[in-house]
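Look for subunit A in each of the two complexes below; its partner is subunit B in the first and subunit C in the second.
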Partner chain A sequence: MMQALQDSLVATAQGLPVTLFIWTASVALGMAGGFVVGALRFFSPWPLALPLSMAVEAVRGTPFLVQCFLLYFGGPFIGIDLAPLTAGLLALSVYGAAYFSEVFRAGFMAVPPGQLEVARMLGLSRFQAVLRIMLPVMALGVLPSLANLCVILIKETAVLSIITVPELTFRVQGVGTATFAFAETMLVLALVYWALAELTAWGARAAERRIERALAA
Partner chain B sequence: MSPILQLRGLQRRVGSTEILRGIDLDVMPGEVIGVIGPSGSGKSSLLRCIAGLDEIAGGSVQVEGRATQPGDGAIGMVFQQFNLWPHLSARDNVSLALRLVRKMPAAAAAEKAEAALAQVGLGALAARKPAALSGGQQQRVAIARSLAMEPRVLLFDEPTAALDPELTTEVLDVIRNLAASGTTMLVVSHEMGFVAGLAHRVVFLDHGQVVQTGTPQAIFSEAAEPRIRSFLQTYLSRVAWAQG
Partner chain C sequence: MMAASWATIWISALGIAIGFSLGVPIAVASLRGRTWAAVYISFFRGVPMLVQLLLAYYALPFIGIDLPAIVAAVGTVGLCCAAYMGEILRGGFALVPKGGVEAARLLGLSPRQILLRIQLPIAVQAMRPAIINEAILIVKASSLISVVGILELTRSAQALASSTFEPLPSYALCGAIYLIINVSLSLLARGRLA
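Take a look at the complex of A and B:
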């Protein structure tokens, strides 16, 4: 059993950088893509907004596991032949973007219309009102939801083990298979994810406190 | 002297509902108009149409003989819900449009913003964010924000309706001072005593129409119109009840 634990820790050390890379990259890509999609859905006329909303619904309406399978194993049939890491990063970014877009769209909707009417009365252009009023006011409102999604995404990285991305779960699972110490290795795995999630939540709380302090000054 | 604000046959419709049914009004420079009437009579719609925030179905709004649109600087508006921008200090709430719209250099805009805040008695709180201000102080910042753009006509849409009773006085005092200094304004308010003491003329609206326009004396004391009498009666009985 000690051997299994020791191997688990080695596997963790090997898999963690990959997990962290996929996580941060998919959060960055997903957030950027989600912002664009959310903004387009909020600001553009329906011929553009409708297809985007259907795409978001498709991503949100299917299991992430199935999306990974479709992309990695189904992709080659239509000429999309990606390495596991690339496929995993792409799948998670698209998945994240769908959810991030909903957060941003809700954020846009939550900006009190009166605050924008004042901007209009005072002569700000629509662009200035969006940049100077809408985005900052929205940013304050969406922060907790963004942090929540980051935590969800770190856990979803585990799903990528099934398309052989050499991340945490893939590595540690390998130890379980080799040593038959499934429970112990899974326990190590759970603790590592939990620690990462707590770290994220802690960072988000610190950011929220900072914003609250800035607003209350 | 020609009117500074001229409304002719102003109409607003939402779907098939007539909100305003042809409002005519001439407002002279420096005049203070009180607008009263029952809930749903179209008071707020009237101000929003004058401001250009709500589309009109017919008629015209002219300031100094010209049609206006939101943002051209002719009209300023103060809302019931203050609508301060929460991420900006009082100073920045006031100076943002000076910088972006009037293209004033930052230092000059800040100076002008502080002068406007001093005018509403908030010179010392310029650095505070809205969340660190009381409701009355927030509304005074909103007034300063409109004032700094030097509009020709200032509209107040129930400026104290969202405030606790003990915070209304400071806002009403600011509006009184503005009126005394010759600011042309239309004030929608349920503070009848305030309107009676402030307005040069009072407009009574009901169902999107002007029922009567007259001096506060003519409306509050002498109006024979039953709709005005019964509206004022509800207010009087409420005050009487409150005073025991």
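Take a look at the complex of A and C:
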């Protein structure tokens, strides 16, 4: 039992950096992509907004696992032949972007139109009004949803073990299979994710307080 | 694949039903500030469903609890759903007007009757969009139980992909069926709301 625990800690040390890399990269890519898609859906005319909305609904309405299978196993048939890590990162970023775009779009919608009009009357260009007035107002409103999505994305990274990305779940599960000590290894795995999720939520609350203070000042 | 779609639907329905029934006591305990409810919600929302499933499927037998795979899978989906439902209903209970509860108490209803006949219907009505959203998440999460070898929609698509060597149409069809299930769920919710 001690051996299995030791092995799972080693596997954790190997898998955790991969998990953290995929997580941070997909949060960054997903947030950037989601912002662009969310803004396009909000600001552009319907011939562009409608197909984007349909794509977002398709991603949000299907399981992440099926999207992974589609990209990783189906991709090579249309010339997209990716390594597990790349496929996993791409799939998670697209999945994240769909959800992030909804958050940003809701954020844009929550800004009272009057504020933009006032900014325009005061002589700001449309771009300036969006940049200087709309974005700061929506930033605080969307923060809890963004933090929530970060926790969701770290949990989705576990799914990537199924397409053999050598992340946390894949590594620790490997120890379980090799030593038959499933109880200990799975418990270690659950505790590591639990700690990560709590840490993220705690960090988000701290960030929220800080931004609130900065805006109040 | 048709039969597998029904498997996905009834597994999700059962998971949501378990989640809802357990979510009510969890919401009540959480409102009363019980530590166990906070730990329960934090654990099931903090650990990936896949890891919970592996824990139930591989680890429970080692401490003497040997469940059939389908029971372990549906149970895990239900327990996880209960944590989210608990949070949703807690928010719903907070919206119930205090006067309504007091009036019910004056009319001689027991605390249990007040909970089930007054507070719960109001909370469910208020939180309907969130509840439907959670139901959609559960339908999607049920794809993960393919990993413990249960034949549902995703598993059947895997079988089809490996027998026909055509993963692209197999998984695309599988995704389309999930999309149909989830779009119907959200349309159902919107229709009722109108």
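To be clear about the criterion, the second predicted complex is superposed on the first by the 217 of 217 C-alpha atoms of A that agree within 3 Å, B and C clash if a C-alpha of one lies under 4 Å from a C-alpha of the other, contacts with A are read in each partner's own complex, and residues count from 1 in each chain.
Definition applied: a contact is a pair of C-beta atoms (placed from the backbone, for glycine too) under 8 Å apart; a residue touches a chain by one contact, two chains touch by 3 or more.
Predicted model only: the values in this text are computed from it and were never measured.
Enquirer: Give one word, clash or fit, describing how subunit B and subunit C relate on subunit A after superposing.
Expert: Overlaying the two complexes on subunit A (C-alpha atoms) leaves subunit C and subunit B fitting together cleanly.
Enquirer: Could you tell me if A:133 is touching subunit B, subunit C, both of them or neither one (first, second, both, neither)?
Expert: first
Enquirer: Quick one: the Cα-centre angle at subunit A between subunit B and subunit C, nearest 10 degrees, please.
Expert: In the superposed arrangement it comes to 100 degrees.
Enquirer: Could you look at A:215 and tell me whether it touches subunit B, subunit C, both or neither (first, second, both, neither)?
Expert: first
Enquirer: Check whether A:143 is in contact with subunit B, with subunit C, with both or with neither, and answer first, second, both or neither.
Expert: Neither: A:143 stays clear of subunit B and subunit C.
Enquirer: Applying the document's definition of touch, where does A:74 land relative to subunit B and subunit C: first, second, both, or neither?
Expert: Touch partner of A:74: subunit C, not subunit B.
Enquirer: More residues of subunit A in touch with subunit C or with subunit B?
Expert: With both complexes superposed on chain A, more residues of subunit A are touched by C.
Enquirer: Could you tell me if A:197 is touching subunit B, subunit C, both of them or neither one (first, second, both, neither)?
Expert: Second partner only.
Enquirer: So if I take every C-alpha atom in subunit B and every one in subunit C after superposing, what is the smallest distance between them in Å?
Expert: 24
Enquirer: Considering only the contact definition stated at the top, list the common interface residues of subunit A for subunit B and subunit C.
Expert: none
Enquirer: Would you pull the subunit A residues touching subunit B in the complex into a rising list?
Expert: 112, 114-115, 117-124, 128, 132-133, 136-137, 140, 214-217
Enquirer: Enumerate the contact residues on subunit A facing subunit C in the complex.
Expert: Per the touch definition, subunit A meets subunit C at residues 57-58, 61-67, 69-70, 73-74, 77-78, 151, 155-159, 161-162, 169, 173, 176, 181-183, 186-187, 189-190, 193-194, 196-198, 201.
Enquirer: Across the complex, what residues on subunit B touch subunit A?
Expert: Interface residues on the subunit B side: 51, 53, 70-73, 75-77, 79, 81, 83-87, 89, 96-97, 100-101, 127-129, 131-132, 142, 145-146, 149.
Enquirer: For subunit C, which residues are in contact with subunit A within the complex?
Expert: 42-43, 45-52, 54-55, 58-59, 61-63, 136, 140-144, 146-147, 154, 157-158, 161, 166-168, 170-172, 174-175, 178-179, 182-183
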